[in-house]
Every structure is written in C-alpha cells, then in structure tokens.
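You will see two complexes here that share chain A, one where it goes with chain B and one where it goes with chain C.
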Partner chain A sequence: MSQGLQLYKPFLNSVCDTFAMMANIKVYIEGAFSSETDEITSYGVSSIINYTGKIKGRFLLDMQPSVALTLAQNVLGSYYNNERDEMVLATISEMNNVIAGNAVSILNNRYSLGLWLSPPYIFTGKDAVIVLPRIRSASVGCNTLYGKLKVYIAFERGTEK
Partner chain B sequence: MNVKHLTPFVDALVKVLNDHGIDNLKRGKLLKKDVMNVDLDVTSVVGIGGGIRGNIAYSLSSETCRHLFVSMGLVNPSDSQRSKILKAVGVFAELIINEAARIFLDGGILITSAPPTIVSGNEMFFIISPVQTITIDIETPYGAIETNIGLEE
Partner chain C sequence: MKKTALIVDDSPLIHNLLRRALEKCNYEVCGDARNGKEGVELFKKLAPDVVFMDINMPVMDGLEAVKDIKDFLGKAGGGSRIIMLSAVGDDEIVAKAQELGVKTFIRKPFNDYKIISALSMVE
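For the complex of A and B:
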C-alpha cells in the first residue's frame, strides 16, 4: 500500500463505520482516491477539521443537503427540513470530529505521528466554492441512499511537537 | 472566552493592513454572535492550535478583496480572475495569523496554525465554534472586514 493510502484509509474507514454506527447510513465508496485541484465546488454542506503533529493536514467532509438532513434526523431522532438549522450543522460537525478523532487515533498508534485535532468548523450556502491552498488533497466520491458525499484528505510535512 | 485572547487577532489584522499602506481603519465593537451568518461572500478560516485552540474567520466582499489586494500589492490590477483573488485571500489570512502568532509569543503563548481554507459563496452560514463566536468589524477605505473568533475555553 502506498504511504499516502496508508494515511488516507483510516479516515475513509472511519467515515463508513461512523455513518453506519451513529446514523444507520451505509456509505458506498465509488472508485479510488484521486488527486484534487485546489478549488472545490461544494455539494452544499461542508465540514473541515485540521490536524497537526509530525505531519499536518486537513479532513473535509462534503455532502449534499439531503444527506446532512437524514444524518441529523437519524442521529437526533427529530425531523429537519432545512440544512441551515443549527442542530443539523452541529450534528455533522460533531460527527466529523468523531470520524477524524478515530482516524487520528489509529494513525497515532500505528505511526506515532502525535497528531491532534483543531476544533471542526462547518458551513453551508449557495454556490459555495472552497479553495484549499498549499496542501493538495486526495478525494474519493461516496454515495448513500440519501445522496452523495465526498471525502477530501490532505497531508503535508509539519513540525514535531 | 478570554478577551485577552481575542485582541491579538484584530491587532494583527490592523498591523498587516497598516504595514501594507492601508490606513484610516475604524474598529467596530466586539459582539457576541449566537449564529454566524455572513453577508460577505468571501471568508477565510484558519484553525488554531497550541496554547489556544479554535478557529478564526475573516470575511469580506469580493469587491473589497479586489481593491484591497491591488492596493496591498498581493494581486496585479489586471488580475480579475476569481481564483487568483481567492488565493490572495489565503495569503492575506496567513500574514494575519503569523502576526497574531508573534503577538501571542511575545505574551508567552505559542500558537500553531493550519493552512487557511477560503470559502466563496452567497448566503453563507458558518459554525466555527461549538460555544460562541465573537465578531468585530474593521472598516477599511475599501469596505469592511469582519473578524469572527471562536476559541475553546
């Protein structure tokens, strides 16, 4: 397995596991990781979490509003019809925290990378374009019964703490 | 949120603008926001770690970006390409956060930062902190820059 894939895999596995366990949503991975441009058109709801340690990087979870609404509904047990609802966004943000936390734990145990997470942030809006300068991301498209999501993972050499 | 931890992010913004010849700045009041609705269409978010953890977001309009960055020398006057302007927003955010890191270090606090993320869109709604977000506007001759600060206790 390439070094990049060794770092990416725990994130993707964590997405599938966390969606299944917390929201009862099966995630179907479509294809392999591919290199991304530094400009991304958002599906609608995007959550980002940064990590730093011996290396640093960024994990971005981007999803269609229909996925975000179903996810919040399944996790919280309440019906939501607006992805701008604070509870919906807070749920996705926390889920991103769990996903990245699991992945970073695995990487730290496996490679002693000393990674720690920044607090996640999340946004939604019309025609949102995300620019991720300096760190080139790898991405993989995913599908669910409720819509599409995409996972972006990026690493660059950091400073040891 | 410790107020002492807020001012370096605003002071750094003012210093970077002043250092690039942008004067006549007016500081607004610190406001507590329960939700972060942004009317301005460009936002740069930077994750902070080390002695302080959280996210800092600087929002401004595309027009303000264009005029400000031409004046600061970050883009050429002929560069109207949106992607170049957005990348300049990233450079601008890094200049501010590096300056903020220097101010914090002078006060004995080491902070680290992740590369910025730039988001462009309409009717944007952000959550950068699970607790609360503090906002302060800086009025420049080219338009307002809204600073949103979400730090963990």
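For the complex of A and C:
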C-alpha cells in the first residue's frame, strides 16, 4: 500500500464508522481515491478541519444538503428542513471532529506523527468553490440513501514519498 | 432508584446523544458541564454515580479534571467512576488516563451499545 493510501484510509474508514454508528447511515464508497486540483466545488455543506504535527494536512467532508439534514435528524432526533440551521451545522462540525479525531489517533498510534486537530470550520452554499492552495488533495466519492458526499484528504506537499 | 450521571463535554451534540443513551439505561443525567472546571465543581456538588468525561475541552481538559476529582476523593480514588469519552484515542493519552485510575475509555464514534458496555464496567 502506498504511503499516501496508508494515511488516507483511516479517514475514509472513520467516515463510514461514524456515519453508521452515530447516525445509522450506511456510506457506500464509489471507486478509488483520485487526485484533486486546488479548487473544490461544494455539494452544499462542507466542513474542514486542519491537523498538524510532524506533517500537516486538511480533512474536508462535503455533502449534499439532504445528507446533512438526515444526519442531524438521526443524531439529534428532531426534524430539520434548513441545512443552515444552527443545530444542523453544529452536528456536521462535531461529526467531522469525531471522524478526524478518530483517524488522527490511528495515525498517531501507528506512525507517531503527533498530529492534533484545530477546530472545524463549516461552509454552506451549493457550487461554492473552496480553494486549498499549496496542498495535495485526494478525494473519493461516496453515496448514501439520502444523497452524495465526498471526502477530501490532504497532506502538505513533500510529505509523501 | 435511578443512578445518576454527570456529562462533561464541550459538544452539545454529545450531551444530547449521551443523555438519550443513559435514559435508556435507567440513568438520570444530574449535571451537564461544558469543560473540566465546571465538571469538577458539579462532581463535588452532585456526587454522581458515574461521570462521562471528554478529554479536549476549553478552560480545563478532561485529564486535569480527573486528577482534581481524584484529589478531592482522596485515597478512595474516583477514577473507577469515570468513563473517558473522546475522539482522541492516542495510546499515550489512554495511558495517562489509566495512570489516574480511569478503567473505562470509549473512543468516539460511539453508539448505545458502547455506552451500555461501559456502564456495565463501572457498576
């Protein structure tokens, strides 16, 4: 397995585990990781979290509003119809924190990277363009019964062999 | 009589999820704290049967809070009543928690089953 994939896999596994365990949503992975350009066009709701230690990087979870609403509904047990609702955004942020925290712990325990997380940021807006300059990003598309999501994992250039 | 639980976590979402899980287990949530400092104060005031303690929190982190609770309880120790619950599961941090007497550590993500299992270990 390439070093890049070794770093990416814990994030993808953590997405699937966290969605299933905390929101009862099964995530279907569609295809393999592919390289991304610096610009990401959002599905509608995105949460980004940075990590730093011996290497640096970013984890971005992008999803259609229908996924965000179902996620919040299943986790909080209340109905929401606006993805910009404060509780929906707080849910997505915390889910991202759990996903990234879990993945980073696995990487720290395996490779002693000493990674720690910064607080997550959240953005809304369909087709909003998110620019991640100077960073190599790999992405993989995923599907759920409620809509699509995409996972972007990036490590600072120069960290991969 | 219902047993009591104190939740110490900076995420309202986690409070919500834990409260629902605990109620299913016939626990009453007697206190909600948003950081370790509030958690220690509520522990002293409420003397809960069990504490769910996050690690990364503002003001005072979970490990420091556990140490304060342990000091408050004296040699009897309070670690066994505390369930650490965190997305950060680095071996080094888990070892520090164990040194403080914490016997149960849940790594997020979690579901009701994980909570029930953890409760059975501290009861």
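Side notes on the structure shown:
We adopt the following convention: the second predicted complex is superposed on the first by the 154 of 161 C-alpha atoms of A that agree within 3 Å, B and C clash if a C-alpha of one lies under 4 Å from a C-alpha of the other, contacts with A are read in each partner's own complex, and residues count from 1 in each chain.
To be clear about the criterion, a residue touches a chain if its C-beta (ideal position, glycine included) is under 8 Å from a C-beta of that chain, and two chains touch if they have at least 3 such contacts.
Keep in mind the model is a prediction, meaning the values are calculated, not measured.
Look at A:18: by the touch rule set out above, it reaches chain C but stays clear of chain B. By the touch criterion defined above, A:90 reaches both chain B and chain C.
In the superposition on chain A, A:139 makes contact with neither chain B nor chain C. Of the two partner chains, chain C is the only one that A:101 touches; chain B does not reach it.
When the shared chain is aligned, chain C comes close enough to touch A:109, but chain B does not. Judged by the touch definition given at the top, the superposed model places A:50 against chain B, while chain C stays out of reach. Between chain B and chain C, it is B that contacts the larger number of residues in chain A.
In the superposition on chain A, A:70 contacts neither chain B nor chain C.
Across the two superposed structures, the residue set of chain A contacted by chain B and also by chain C is 90, 94.
Residues 39, 42, 46, 48-52, 56, 58, 84, 86, 89-90, 93-94, 116, 118-119, 121-135, 156, 159 of chain A are the ones touching chain B in the complex. For chain A in complex with chain C, the residues that touch the partner chain are 14, 17-18, 21-22, 75-77, 90-91, 94-95, 97-102, 104-105, 108-109. In the complex of the two chains, the chain C residues touching chain A come out as 11-14, 16-17, 20, 86-91, 107-111. Those residues of chain B lying in contact with chain A across their complex are 35, 43, 45, 47-49, 53-55, 57, 83, 86-87, 89-90, 112, 114-130, 150, 152.
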